[in-house]
Amino acid sequence: MQTIPVGLVGVTGYTGMELARILAVHPILKLTRATSRAEAGKPLKAIYPFLEGFPAGDVGISAPDAADLAGSCKLVFLAVPHGAAMDYAAELLAAGLKVVDLSADFRLLDAGIYADWYGLTHRHPQLLPEAVYGLPELYAERIKTAKLTANPGCYPTSVILGLAPALKNGLINIIDIIADSKSGASGAGRKAATGMLFCEVHDSFRAYNLGKHRHTPEIEQELGKLAGADITVSFNPHLLPIDRGILSTIYAKLTRPMPVEEVRAVYAAHYADKPWVRVLPVGKLPETRFVRGTMFCDIGLVVDPRTNRLIVVSAIDNLCRGASGQAVACANLMSGLPVDAGLNLAPMMP
Amino acid sequence: MQTIPVGLVGVTGYTGMELARILAVHPILKLTRATSRAEAGKPLKAIYPFLEGFPAGDVGISAPDAADLAGSCKLVFLAVPHGAAMDYAAELLAAGLKVVDLSADFRLLDAGIYADWYGLTHRHPQLLPEAVYGLPELYAERIKTAKLTANPGCYPTSVILGLAPALKNGLINIIDIIADSKSGASGAGRKAATGMLFCEVHDSFRAYNLGKHRHTPEIEQELGKLAGADITVSFNPHLLPIDRGILSTIYAKLTRPMPVEEVRAVYAAHYADKPWVRVLPVGKLPETRFVRGTMFCDIGLVVDPRTNRLIVVSAIDNLCRGASGQAVACANLMSGLPVDAGLNLAPMMP
Amino acid sequence: MQTIPVGLVGVTGYTGMELARILAVHPILKLTRATSRAEAGKPLKAIYPFLEGFPAGDVGISAPDAADLAGSCKLVFLAVPHGAAMDYAAELLAAGLKVVDLSADFRLLDAGIYADWYGLTHRHPQLLPEAVYGLPELYAERIKTAKLTANPGCYPTSVILGLAPALKNGLINIIDIIADSKSGASGAGRKAATGMLFCEVHDSFRAYNLGKHRHTPEIEQELGKLAGADITVSFNPHLLPIDRGILSTIYAKLTRPMPVEEVRAVYAAHYADKPWVRVLPVGKLPETRFVRGTMFCDIGLVVDPRTNRLIVVSAIDNLCRGASGQAVACANLMSGLPVDAGLNLAPMMP
Amino acid sequence: MQTIPVGLVGVTGYTGMELARILAVHPILKLTRATSRAEAGKPLKAIYPFLEGFPAGDVGISAPDAADLAGSCKLVFLAVPHGAAMDYAAELLAAGLKVVDLSADFRLLDAGIYADWYGLTHRHPQLLPEAVYGLPELYAERIKTAKLTANPGCYPTSVILGLAPALKNGLINIIDIIADSKSGASGAGRKAATGMLFCEVHDSFRAYNLGKHRHTPEIEQELGKLAGADITVSFNPHLLPIDRGILSTIYAKLTRPMPVEEVRAVYAAHYADKPWVRVLPVGKLPETRFVRGTMFCDIGLVVDPRTNRLIVVSAIDNLCRGASGQAVACANLMSGLPVDAGLNLAPMMP
């Protein structure tokens, strides 16, 4: 099969790094452009020595240029901060490129909600209706024909996949949902900051942004669509001293008492043809290491009869499934490839 | 001041190790006996090389013997598993010793609940009424005159201290309380087990025993006393890849909307004369590193107006505050010493 | 291309786990048998939940049986301890199978040296001459026709690749070579042992077996062959609090003063057609993360003119390159496949 | 006993943090001034929440001012970068204060060597003769009367203490000494830098500055004095993914074959009255965790008869023994206190 040239705008962060890792061995999508103003002029392997020996490592980093990207790529990944991504997207779409945006700029359908949570006025609201939320289990068909996909946030991926079957099938009340999520440190990005130094993170654990993390409206938007009703979620993130991985412990009230086996059957049926979502046997719980470096979302289910509560535990790799791997899955679909091209990855254990 | 000889039954686990660390530099309590059948005959420093140079390191390990302990100590710490501790306690009390039991054997007032959760019939239920729950902030006066203190579990310490002011002052509903707790690996004990090997824990995160951990009834007992009503809690533990530390994120519904400053004022007043509980300024959240190696319990408070929920984040060191340091605090009180003798420890940072 | 069925004897250790990880996505070699007496009767995914969804995960674990293996496989990997492996190898070879032995049983050509270092009399010394040392950069041609390959130890892989060009080209004295090696914890195996618990390894560092590690004679044998002379090496291992990775810092006296660029040119020429060995640019040093999960051996070179010493730093992944990946490379060659079939792996970063 | 007021210039780095930790519970030395231009105006606990509840936490951070320091302190710790420290020292000494400088500015007796390695012309060379190298085991008597002590570097502390008895007693050749040292990440300082982010350090290991680290001349100066001859050392540092701790593996040729017991006897005699140096029993090796948070230097000794080499393994806590604890020991001596006042610390285990 012929290869398809792709570009990567914003290569210096962890999502850019992870895209480089995945594309380095992708059978069809070939990295031909990588951009960064700060690192322009170097080959990619100069900043990522682990890419020595891969053709992707020899790609020269350039300053972002829409015409150049349009002339050399079919599709571009945007791994730049929100606020900056929207302008790149508009420009690249206008130049005829397909775009997978890893930022938050096109995830929220409502520009007003975007303004509320991100403190920015959206400069290209006309693009919002055509952006597809890039979660393959929910939107694979629409992604196939999309020009612009809005890659889901890492936390939302774990929470939405964890609750979709329960909400879709009316197993839980839509009020009082709490997601207590824990993420590895790569989720905080690669910007030099004292608070993210090794000695500040290692052998410690902390919560942050309780009740006000920017992934909240995105979770509520998608859960609301699944439930067919407005949903307010209590979403509460924490920082783990691990490189990769998100584990969300999600609490919800059952609409009626039911054995965990019944819940599991609903989940298993819902995800029957979605091989990346692994609904664990009753009695088993996910661990972030079991999904490390992959597209899997492992889901464990517990019913607590003392409180009539369903507890869903979902685990993903925040960088792969929660960001760059998912972006490649979208790019695969948008390019007419199988969703899992280049993504049939075995977890790194240990 | 004269020293007071104390003994330690069960020296090979992490709580025994932590007791040895604290007692090695305690100004009054002096370790004179340390027992372990498996290691009998060696000096303590042979199994704990870090004690070389401390008199405690020269204590010879012996097989446990009540008469010998009674002849050489005033007080004994029991750092043996539940089930085994109750017999030691009965024997040592009968021999005239004071006992601080770090196991669960005397924490639950109701032997039936003990049997339900621990699968054991209590063999010394007559001692339950005289055992004092060893949480100094709640029971300091009773601990001073106790012969037997039941040292609280690590998780319960974090949850009870985190909720006491709210329950005592009616700030929260007593239903729908959820404690999502995360503990460092030392909480799992020091027994050789594949699942606790470095490569199985490092760079991973997992939940376990959701809704059925044995610390649940202990939490419910003490919260119920504070609230003056029966309380059912959803308590859910997780395993962190850190050595020490517990952080509990506790969710409860406010009885009425109130600003977080008001909640904080209640907490600050409640703990005004309890220097080990540090109620953080509004906007600050605890981190396990800030309490590492100490008796502190740091408490952060968040009100989420979107869901009318109070979120309490409490952090302790599971080994020091959650086990051995708290045991020394009890021993201090039982020995007529200031509660913080030998426990004025600064957090190890980083 | 048709698949080739392979078996794995001894599946419960880290090398077995890593073989399972690699074979799960190998395009040609298909795992059809996995043996373990302790776990017989379960599917592989029952002990390795991360394999859920891969055909390899559905392989049933069985007790090892030569006839069964011979009937169902073309080649067998032995991931059992030294001492046990030699009998399996003899039996499986007799049954017509090809064997890749990951233990030390066939690495040393001299059964007397084996006896000295391993404290065991070799029970199948007649097989030693036909066993090929499975280091592809040195012995690819012989491996292609071998029935039995002795997979190199992890430390020796890092030291031999690090010194081969220097010794082959006479750059260094053959006396006074020191290898100060540091390995991740997976190198210690997966047996439950208190000393390898998370809390005993994490946030610590130690040396062990200085001057007497069993990998020493293997290193000396191969370095001696490269130099054409007997070599005595000071080999000194250390335990790192990481999952995977070996970094060896190797000290040797230059035979004559020379600039580092000259040394690098010799190394680059030596490894010109060996893509897995990446000789870094002058001024760059390897890091274990840059080779994580891969077959790469990264080599950094420093000349210290103050002491006329060459310092070679080599980094590999001890589990992949240092054990199971290298075993698969041998199996590839023995099966007529390209050496890198299924091994074109990008490093996991971060 | 009366307290002694001390000041800390440069509070925001890890050595400043560690000084704050130690001084927070020191019985005599009381922190009364803490300076940082960037954080001036805040109480110390605002930047170090772990100090909440300690009087030291209430000290207000101010901009450094010699007159103010002279009016409020008897002694000042300089925890600022080399180059900046020399001017502070000169100014504070002139104002009548005693100074403990944690930087490298006064460690080297020869301003020319300082210029060679640090690339700076010394601006106060007249102070070099009166500065005392602050290693208590070597210079306790001189430190007692010093106005200015130059606190040793972390690596030099581990190497000098590791070799002193061997050099003083002629056990080893003075040529061909190699120190392969490994340090925890706090040694790299607290400046925000991408390369020191959690995800860049955790689960990795690397060497750096091989043969050219700035601690080299300091090691050579002190080893040379001990040996009574010029010594050139090959000093080679590495970065460990741990918070604290240095372990140095030091290789030297024995001047004549001798059993390890004889070497150990020499070491034990040398350090007989130095309780912080613990010469381990033959067969035992140090681990960084056994000295965590303390002043101990643990030394393990191995003789490798195959190569006639002595291998010394020394372990310290780089922040406490290797920097701030040693500074407090010097301050104790300079203030007429026992060297171990406030430093009788038990290792944090685990």
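Order of writing sets the labels: A, B, C and D. Residues in every chain begin at 1.
The rule is short, and it goes like this: a contact is a pair of C-beta atoms (placed from the backbone, for glycine too) under 8 Å apart; a residue touches a chain by one contact, two chains touch by 3 or more.
Molecules present, by chain and UniProt name: A, B, C, D = N-acetyl-gamma-glutamyl-phosphate reductase.
Since the structure is predicted, the reported quantities are computational estimates derived from the model, not experimental observations.
Novice: Would you kindly say which chain has the C-alpha centre located farthest from the C-alpha centre of chain B?
Specialist: Result for max centroid distance from chain B is chain C.
Novice: A-B versus B-C: which interface comes out with more C-beta contact pairs?
Specialist: A-B
Novice: Take the average of all CA coordinates in chain B, do the same for chain C, and state the distance between these two points in whole angstrom.
Specialist: Taking the average C-alpha coordinate of chain B and of chain C, the gap between them is 45 Å.
Novice: From the C-alpha centre of chain A to that of chain B, how far is it in Å?
Specialist: Between these chains, centre-to-centre, one finds 39 Å.
Novice: Could you check chain A for residues that touch two or more other chains and list them?
Specialist: In chain A, the residues touching two or more other chains are 14, 186, 199-200, 202-203, 241-244, 287, 289, 292, 350.
Novice: Of all residues in chain A, which touch chain C in the complex?
Specialist: Per the touch definition, chain A meets chain C at residues 14, 17-18, 21-22, 24-25, 48-54, 186, 202-203, 243-244, 275, 278, 280, 284, 287, 289-293, 296, 298, 344-350.
Novice: Which bits of chain A are touching chain D when the two form their complex?
Specialist: Going through chain A, the ones touching chain D are 14, 184-186, 190-194, 196-203, 241-243.
Novice: Mind listing the chain C positions that touch chain D in their complex?
Specialist: 176, 178, 180, 182, 199-200, 202-208, 210-212, 232, 234, 236, 238, 240-245, 247, 249, 251, 285-289, 292, 300, 302, 304, 306-307, 309, 311, 313, 350
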